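Okay, so chain A shows up in both of these, paired with chain B first and chain C after.
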Partner chain A sequence: MTPLMLVADDFTAPGPSIFDFPPLYEGAPYWLTKPVLMALFGALVVCAVAWSAFANPKLVPRGMQNVGEMGYQFVRDQVARPFLGKDAERWMPLLLSLFFLILLWNFFGVVPLIQIPVASHIAFPVVFAVVIYVIKVYLGIKHQGLGGYFKNMMFPPGLPKPIYVLLAPIEFLSNLIIAPFTHAVRLFANMFAGHLILAFFSMVGFWFLFEKLTPLGAGLGVLGVIMTIAMTGFEMFIQFLQAFLFTMLAAMYIGGSLHPDH
Partner chain B sequence: MITRTGQPDMTSPHGSCYRRAAMSEQERRPETDGRDFADAAWSVPSYLLSGILVWGGLGWLLSWLTGVHAFIPIGVILGVGLAAYLVYLKYGR
Partner chain C sequence: MTMAATFLAAEGESPLIPHAYELVVGSFAFLVVFLVVGKILTPRIQKTLAERTEAIEGGIKKAEDAQAEAQRTLEQYRAQLAEARQEAARLREEAREQGAQIKAELREEAQAEARRIIEAAHAQIEADRQQALNQLRGEIGRLSTELASRIVGESLEDEVRQRRIVDRFLEELEGRPEAVR
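Here is the complex of A and B:
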């Protein structure tokens, strides 16, 4: 243990400060940082991809249209239809853009030189979650009426009255506060932690193989590089999964407001 | 007795387990199956957390008013129990 610790004595693991970025250039507004730039870039890429895939559709799809239709089918069959049924097509524009934008933002975490998952700044997933939340409550009140919405939400039928006193506050808190909160935090925390893990292992590799190369530390450095590669693969899986989950939950909330009957 | 594969049932004297499996698969509607399952799976943590917050919070309030600290764990446990009961009511019945 001792030689290792001697080698490692000034190794500092990357912390939350790796998410802090200075303004892009001298005199730029303080909010104009790399994640903001990447968020805009991602939105533009999604627009460009959607445009090239769907602007001029052919009966026999080729090239970008093929890719776009595969993505569309995936979101429609796996996300929209199970939760929205016959309303699925109406909500596809929202769900498709949401899925592709989040997927791309997440994927930025492993793209060389970009290497920042946009959603690792909680403000970005919060905006999405708030949008979905507003849609959810609006649709719920529109389709079930103001009283009906809260009644369906808080009072599942067929229970003795005193039980409602115990359960209704839980339903209220769960549906209107905890659910949107976890909706945003789930995406944020996964991206934040994933980026931190990648940064840590690549830092281990860089430090022990380049900064302070010693016979004992070299093995650790190699392990760091191997782990970086392995975790990058794992992280790509998580990035996809979280984009899918966020969109799926959005569809679930919308579907729940449209059809309360279950 | 005919099994799910269409072969005569040789393994079970009554064949009931095979028929039962085939029936329950028919009863299940595949188009809503995923929705119900996902609904339950993603609502459970949210309900448990809410139960703890509502009833644990009430317990905290009571302990603050009366000075009896036991109200906090009582509230938390009550909240978890009620949330679990709520999940059972909505998805387990």
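Here is the complex of A and C:
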């Protein structure tokens, strides 16, 4: 930040405060903020799009059904089947809802006027991660028994005995505490950082080209605009990747609880 | 993580602390999407995809059946054709054999006929010859007797007379053509 401040002494890079939103209008309830509204709007859009694609599916697909099927088959072939095998179809409702909703919420980060990835507020990834965590533990105990679940988790067979002293607590921690935490934080942090980067570069462009246009700063402003465009493209890739990764990890956790050997 | 949290908290509310109302809204949004997309819509598309797979597999099965049927019919026709060819060959062979047999029979018959005709001719010739010989023998006997009686009846001292008798006899012989032939 320091070199920028030398060029224009009152330029301040956007910080975490850009994620703080006041209530939408004067007198609105405190919880009715832009991210909340966008979360609800996103859920509505996902439902509407999915409805237009799958409400009345035809044997020979047409229009939106083609698009929807592409999404469905992507989740089924790339996420569900590799980790769930023959149980894939049974878990598709959960995985498909998860993937579509996260993808659209992430995508809001680059949609003009909306420009806030919903998952950059950690509460939303936490909801998904908790749901998956509860399902994971429930299925694990149901399919392997209470003792079996912890035994399979903490004492994988085929290792020398002293190793277990070290391995058992690590496995316990990583499976039951760290995994759900990173599951939520990975999505949150990517969206948070991505939004911060976009905000920073667009702020640079705006500041040096409009607010304080100087011969020296103009180049920097142009660079900021170019970087904003480039990072928007990159961010779209990250948004997709994180939605995919989150859903994939969910499938992996569920699959691991159903079939402890694999 | 604690350090980051404190650092961020310094500038305002920590972004790592979830807002309670956002947890509620997030849960509600996810529940709605899960009910609509997961519970209502996903089974529909799953059913359609399964039906499509079935339709395609059914179509393939039908085509395979039709092909197998066609193959079976072709085999049948080929077998029938081979049978017919064999039958034709057999008939041709039989006809050839029959023809050869008929030809041999006819030839034999013709030869027998020819032999019979030749034999009949020989018999006829032999009979004619025998008859001619018999007739000739009778004629010669009669002529000899006649000549002898003439010679014995006339005086034979005179040589001139003798000659005359002989000439007359020969002249008479010449005058009777049926006797010579």
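Details
Here is the rule we use: the second predicted complex is superposed on the first by the 252 of 262 C-alpha atoms of A that agree within 3 Å, B and C clash if a C-alpha of one lies under 4 Å from a C-alpha of the other, contacts with A are read in each partner's own complex, and residues count from 1 in each chain.
Please note the rule applied: contacts are C-beta pairs under 8 Å (C-beta built on N, C-alpha and C of every residue); 3 or more make two chains touch, one makes a residue touch a chain.
Keep in mind it's a predicted model, so treat the numbers as computed, not measured.
In this superposed model built on chain A, chain B and chain C occupy separate space and fit side by side. Of the two partner chains placed by superposition, A:28 touches none, neither chain B nor chain C. Contact with neither chain B nor chain C is seen for A:230 once the two complexes are overlaid on the shared chain.
Contacts of A:248 after superposition on the shared chain: chain B is touched, whereas chain C is not.
By the touch criterion defined above, A:218 reaches neither chain B nor chain C.
Once the two complexes are laid over each other on the shared chain, residue contacts for A:40 go to chain C alone; chain B is not touched. Within the superposed three-chain model, A:67 lies out of touch with both chain B and chain C [touch as defined at top]. In the superposition on chain A, A:178 makes contact with chain B only, while chain C stays out of contact range. Across the overlaid complexes, the C-alpha centre of chain A sees chain B and chain C at an angle of 70°, to the nearest 10. Comparing chain B with chain C, the partner in contact with more residues of chain A is C. Distance between chain B and chain C in the overlay is 12 Å (nearest C-alpha pair, rounded to whole angstrom).
In the superposition on chain A, no residue of chain A contacts both chain B and chain C.
On chain C, the positions that touch chain A within their shared complex are 8, 11-13, 15-30, 32-34, 36-39, 41-49, 51-52, 55.
Against chain B, in their complex, chain A makes its touches with residues 81-83, 85, 156, 159, 166-167, 169-171, 173-175, 177-179, 182, 248-249, 252, 255-256, 262.
Remark: chain A residues 15-17, 19-20, 30-31, 35-36, 39-40, 42-43, 46-47, 50-51, 53-59, 68-69, 72, 89, 92-94, 96-98, 100-101, 120-124, 126-128, 131, 185, 188, 192 touch chain C in the complex. Of all residues in chain B, only 31-32, 34-36, 38-39, 42-43, 45-47, 49-51, 53-55, 79, 82-83, 85-86, 89-90 touch chain A in the complex they form.
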